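Read through the structures below before going on.
The same chain A turns up in both complexes below, where it pairs with chain B and then with chain C.
Here is the complex of A and B:
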């Protein structure tokens, strides 16, 4: 069974190829069947592999499959080889499963779009690249997947390409993440030059053996990888592309910009955990970046009016939680939150998509309202998603994963009360913006009459995701409730355990209660402000209130700053030198020759008098020189 | 003997194309395509058979040789030899020749016969350059390339073709003169020292030179090759020539002429003068990095889409220069991969851009937009090659650039890091170009036919080769390994062996 591992990424790739080569001639239903079918098969394969892996673990708890030597250069032989261990297993299962549901949803959602085949081709290619990313055995192959998902993200953000704004958003996403990618490439050079291999396990082992903790090389390698992760995962300071990326179709936002691709940075850091352990400062930076991003993004999410932008900032904020977990060494907790987030955030996006479709491409939440009765299925799905996002205690999956992160911040040896407090404040804000959305969109009076309601395929996807948004948390229950944690037991076969200070059960329960209360308080405030809109208005009208509102609406004005600091200077530089100043030298030389030419031509004018004068003058000069010298 | 055939086939083709009766253009095109196809088949046969390595005087890892006296009194021989490096470059020449001939099917309608004569003549000369191991013979082929190219640009080019052709001619001719001087200098120094006056590559290889003389002679070769390679600050002929040339001319220029410069550096400039090259390497690498970044910024500044593509060549060839002087086999292998991958991806971009501007009658990007709907196959191909040129893994360009920078990093980490900035700048110009043409509103309401059958076939071929280079570069790396290892500009060992 395990030897069929290569089929998991290959199936979506085959789907992509067959749609690209035959898409023009295929009917829409055929395209959807192929596109959804291959990912479904891939998910089934992943499930089979998972069962085999869990019940009959391979030797060393990992399985490596080498397909061929990718680049047989002298002294450098990266291979195309896949590695399955607990970490990649969880990633692969979640990715194929969520992707299958989202594609199923899209088969209906994208119906009638002129680019139907194009959409599915790129989605399949995305899934294939993402699977390569998480299955790669070496950093170079990981980088192939990494760039592949970036490219698909670019293509899908710009899917409705006729609008220049979408094209700009697509370009921005690619270029901003490429800044991180450039750092990633340099990290690869550094690792290979100093450790002699790009195989992840081997490099990590050698680094742990040869580099002392805190050594310059370790810090450099970890910092460069952090830069890469920050770009892909939309964390400070490279987060600006994500809100604009919402220009893509909603299923794209769900799959790429919520569930999978943006968590690639989290995966990278977890995968390369050895390097971060060797560089405690960089690891601390991971936590700080996560904490700051989760707060800034949560504030920004509070004031957005576009339903998808709220969710985009929310994604940024939730990935910040994962970074916070990684930064204190709670590797499994980060992956747990990745999994739960994949379910509830794609549920939220798909729910939002159903709303947007029903309201004829309306994105403004203040044009929505009162949809609870009109779209009951969507309402319940969205409510469950929002509850999970807000970490509603006990019943939602989000509670378990977020609680674990907060607990780890408190107990980890590298944790601190500040990180915990940031996470707690974030939990409050998260609940507030999540339920602000729920109340504004689904409660109150009906503003726009909904049109098309979700059909079977969209409904099924929503239902399954809703189920998992509630129940996925039960595979990792805190010990003070029931001692049941198969997920972290599985993950700890490939990720280090958290080195924690043990706290009593009472403290643990207290922390849980505080975290739960923070979420409930957030929901309460959302409801309070929803019921008292006049209060909100008065708050916004104060000078401080309006200043903050504008600041948050623009995502803390990073775009403006980057525009002034980098974008415009680069364009200006390019414009100034459009005609290539070096060519000026050549042109001057050419012009000098030319004018010399005309000068000399001027002497040859056929006037004998001038010739005679010139001869005389010449003779005088020569004689004068002879006399004087 | 097969080496002579590789040069003879295009010559015979040129003859047949030239004497084909007026008005029978189809025959002329057919002959050209047949000549390139036969030659390509010969090359691929050699590649697949992978003949045993011959050991010739002066080292190297040759697969085949052809040696006859030519002007014995001056020690000039008609000496051809083929190793892995020449082999892959000749394969590229024939492949691109085939593509260029096919791309001219609709593009060239005037003076068809003379056009094809020039195309084949050019190919013969380029193949000669890749095969010659007698320096005088090499120089002859080198000069032979100039004339057909001048005609190609000057006769079938665009609005400023004469200016561009003239500029190209002056740049190359001036540089050739420097090479000739260096070549003769080497000939006489070697002759005086050993009493044997010869232009043979293997014999001249070990010539003992004082550091000063070595540097001057090396610089003569270096300037000649680097002008062909179009490295900053000697690149200014390139944008004009590439932009003004007809599509086939741009393919030849980008795909082959630049490669000839790189080949010269790898085959002659470095191995003949190892000590001087080692000393000069930092400057050359600096020029490489400057080219990479400067070319990328200039490419982004252009509004003429063809000129944009032309400047990307400056940027990409900077990687080759960097790889040749980085002093490690990996970097050199990377440089060769960049040569091949760039040859294909940039040629494909020129074919696409040519097809596009021929359809809408302008090269100004400001007037394009939204062409995806009108021409999805063309836009898809443009996308593929834009992605290849921004160094996306999975395409050959990535493999080359990665290997080059990997090699450079070992020598100078900061230099590699600066060069890695090109990942960003390349993304900027590539995406800008693609989106400017294919995304956004179709404000001028272009309705254009999509790729024709021939064009689609060209693109299918070129896409397959780029992807093949990207996921299985072993085919190239294995056949060139021995040659490159023996040519390795291993700067440290070269210095020690001289002392």
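Here is the complex of A and C:
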């Protein structure tokens, strides 16, 4: 069973190829059948592989499948080889499963779009690239997947390319993430020159052997990988592309910009955990970046008016939680939160998509309202997603994962009260903006009459995701409730265990209670502000309130700062250098040749007597020279 | 036997050559240019003969015979071209010949 591992990324790739080559001649239903079918098969394969892996673990708890040598050069032999261990198993299962549901949803959601086949081709290519990314056994193959998902993200953000704003958003996403990608390439160079291999496990082992903790090389490698992760995962300071990336179709936002691609950075850090353990400072930086991002993004999400932008900032904030967990060494807690987040955030996006579709492309939440009765199914799905995001205690999956992260912040040796406090404040804000969204969109009076309701395929995807948003948390229950944590047991076969200071069960329970109360308080405040709009109005009208509202609305004005610092000076430089200064040299040469040519053209006039005179003159000159010299 | 100094012969050849060259440069009628070229060729021939006589070598006279033959051939071809040209255009003005090309 495990030897069929290569089929998992190959199936979506085959789907991509068949749609690209024959999609123009196929009917829409055929395209959807292929696109959804291959990913569904891939998910089934992943499930089979997962069952086999869990009940009959291979030797060493990992399975490596080498397909062929990619570049056979002496001393540099990257292979196309896949590695399945607990980490990649969880990633692959979640990716294929969520991607299947989102594609099923898009089969209906994208119906009637002129780029129907194009959409599914790119989605399949994305899934294939993402699977290559998480299954890669060496950094080079991982990088191939890394760039593949970046490209698909670019293509899908600019899917409706006729609108130049969408194209601009796609370009921005591509360029900003590219900063991180460049750092990743440098990290690969560094690892290869100093460790002589790109195989992840081998490189990690050699690094642990040869580099002392905190040495310059280890710090450089970890910092470069952190830069890559920060770019891909939209964390401070490269987070500006994510809100604009919402220009793409909603399923794209759900799959790429919430569930899978933006967590590639989390995966990279977890995968390369050996390098981060060697560089404690960089690991501390991971935690700090995560904490700061989660707070800033949560504040920004509080005031957004575009339903998808709220969710975009929320994604940024939740990925911040994962970084926070990674930074304190709680590797499996980060992956747990990744899994739960993939379910509830794609559920929220898909629910938002259903609302947007029903209200004829309306994105403004203040034009929505009262949809609870008009779209009951969507309402329940969205409510479950929001509850999970807000970490509603006990019943939702989000509670278990977020609680685990907060607990790890408290107990980890590298954790601190400040990180825990940031996480707690984030939990409060998260609950507040999540339920602000629910109340404004679904409660109150009906403002816009909804049109098309979601059909069977969209409804099915929403229902399954809602089920998992509630239940996915039960595979990792904190020990003070029920001692049942198969997920972390599984993940600890491939990720280091958290080195924690042990705290009593009572402290643990207290921390859980505080975290739960923070979420409930957030929900209460959201309700309170929703019931008293006049209060909000007054708050916003005070000078401080309006200043903060503007600041948060623009996402802390990072865009404006980057525009002033980098974009505009760059454009100005480009304008100055419009006639490329190197071209100037070439052009001078060309112009000299040209003027020479015009000078000489006068001699070729066809007048025989002038030719004769020239010959004579030449002869005289030569004779004179011979005589005189 | 009165011997003519070689300097005189060379001087005469030079004068003849210059006259021919002037004719080529100054004349506009193609026919006269052709004649002037003949004069230049003969000037060269005289110089060859004089030099052959000076060093008592047959080479000078052989070269002269060579020039003579070449000149005859050249005149034959040249005159034929001029004749054809005149029939086509009705003029022998050398400046009108290729002047239009630029």
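One rule holds for everything that comes next: the second predicted complex is superposed on the first by the 581 of 629 C-alpha atoms of A that agree within 3 Å, B and C clash if a C-alpha of one lies under 4 Å from a C-alpha of the other, contacts with A are read in each partner's own complex, and residues count from 1 in each chain.
Definition applied: a contact is a pair of C-beta atoms (placed from the backbone, for glycine too) under 8 Å apart; a residue touches a chain by one contact, two chains touch by 3 or more.
Computed from a prediction, not measured in an experiment: that's the story for all the values here.
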(request) Please indicate which partner A:182 is in contact with in the superposed arrangement: first for chain B, second for chain C, both, or neither. (result) first
(request) With the two complexes superposed on chain A, say which partner A:161 touches: chain B (first), chain C (second), both, or neither. (result) first
(request) Using the superposition on chain A described above, determine whether A:586 touches chain B (first), chain C (second), both, or neither. (result) first
(message) Tell me which partner touches more residues of chain A in the superposed arrangement, chain B or chain C.
(response) B
(request) Check the residue A:608 against both partner chains and state whether it touches chain B (first), chain C (second), both, or neither. (result) second
(request) For A:76, decide between first (touching chain B), second (touching chain C), both and neither. (result) first
(message) One more residue to check, A:25. First (chain B), second (chain C), both or neither?
(response) neither
(message) Quick check: in the complex, which residue numbers of chain B touch chain A?
(response) 167, 232-233, 235-236, 239, 297-298, 300-303, 329-330, 333-334, 370, 372-373, 376, 380, 383, 387, 392-394, 399, 402-403, 405-406, 409-410, 413, 416-417, 420-421, 423-424, 427-428, 431-432, 435, 438-442, 471-474, 477-478, 481, 484-485
(request) Quick one: which bits of chain A touch chain C in the complex? Just the residue numbers, please. (result) 605-609, 612-613, 616
(message) Can you tell me which positions in chain A touch chain B when the two form their complex?
(response) 20, 24, 68-76, 80, 114, 140, 143-144, 147-148, 151, 154-155, 158, 161-164, 166-167, 170-171, 174-175, 178-179, 181-182, 185-186, 188-190, 192-193, 570, 573-575, 577-578, 580, 582-583, 586
(request) Report the residues of chain C in contact with chain A in the complex, numbered from low to high. (result) 21, 24-25, 28, 33, 94-95, 97-102
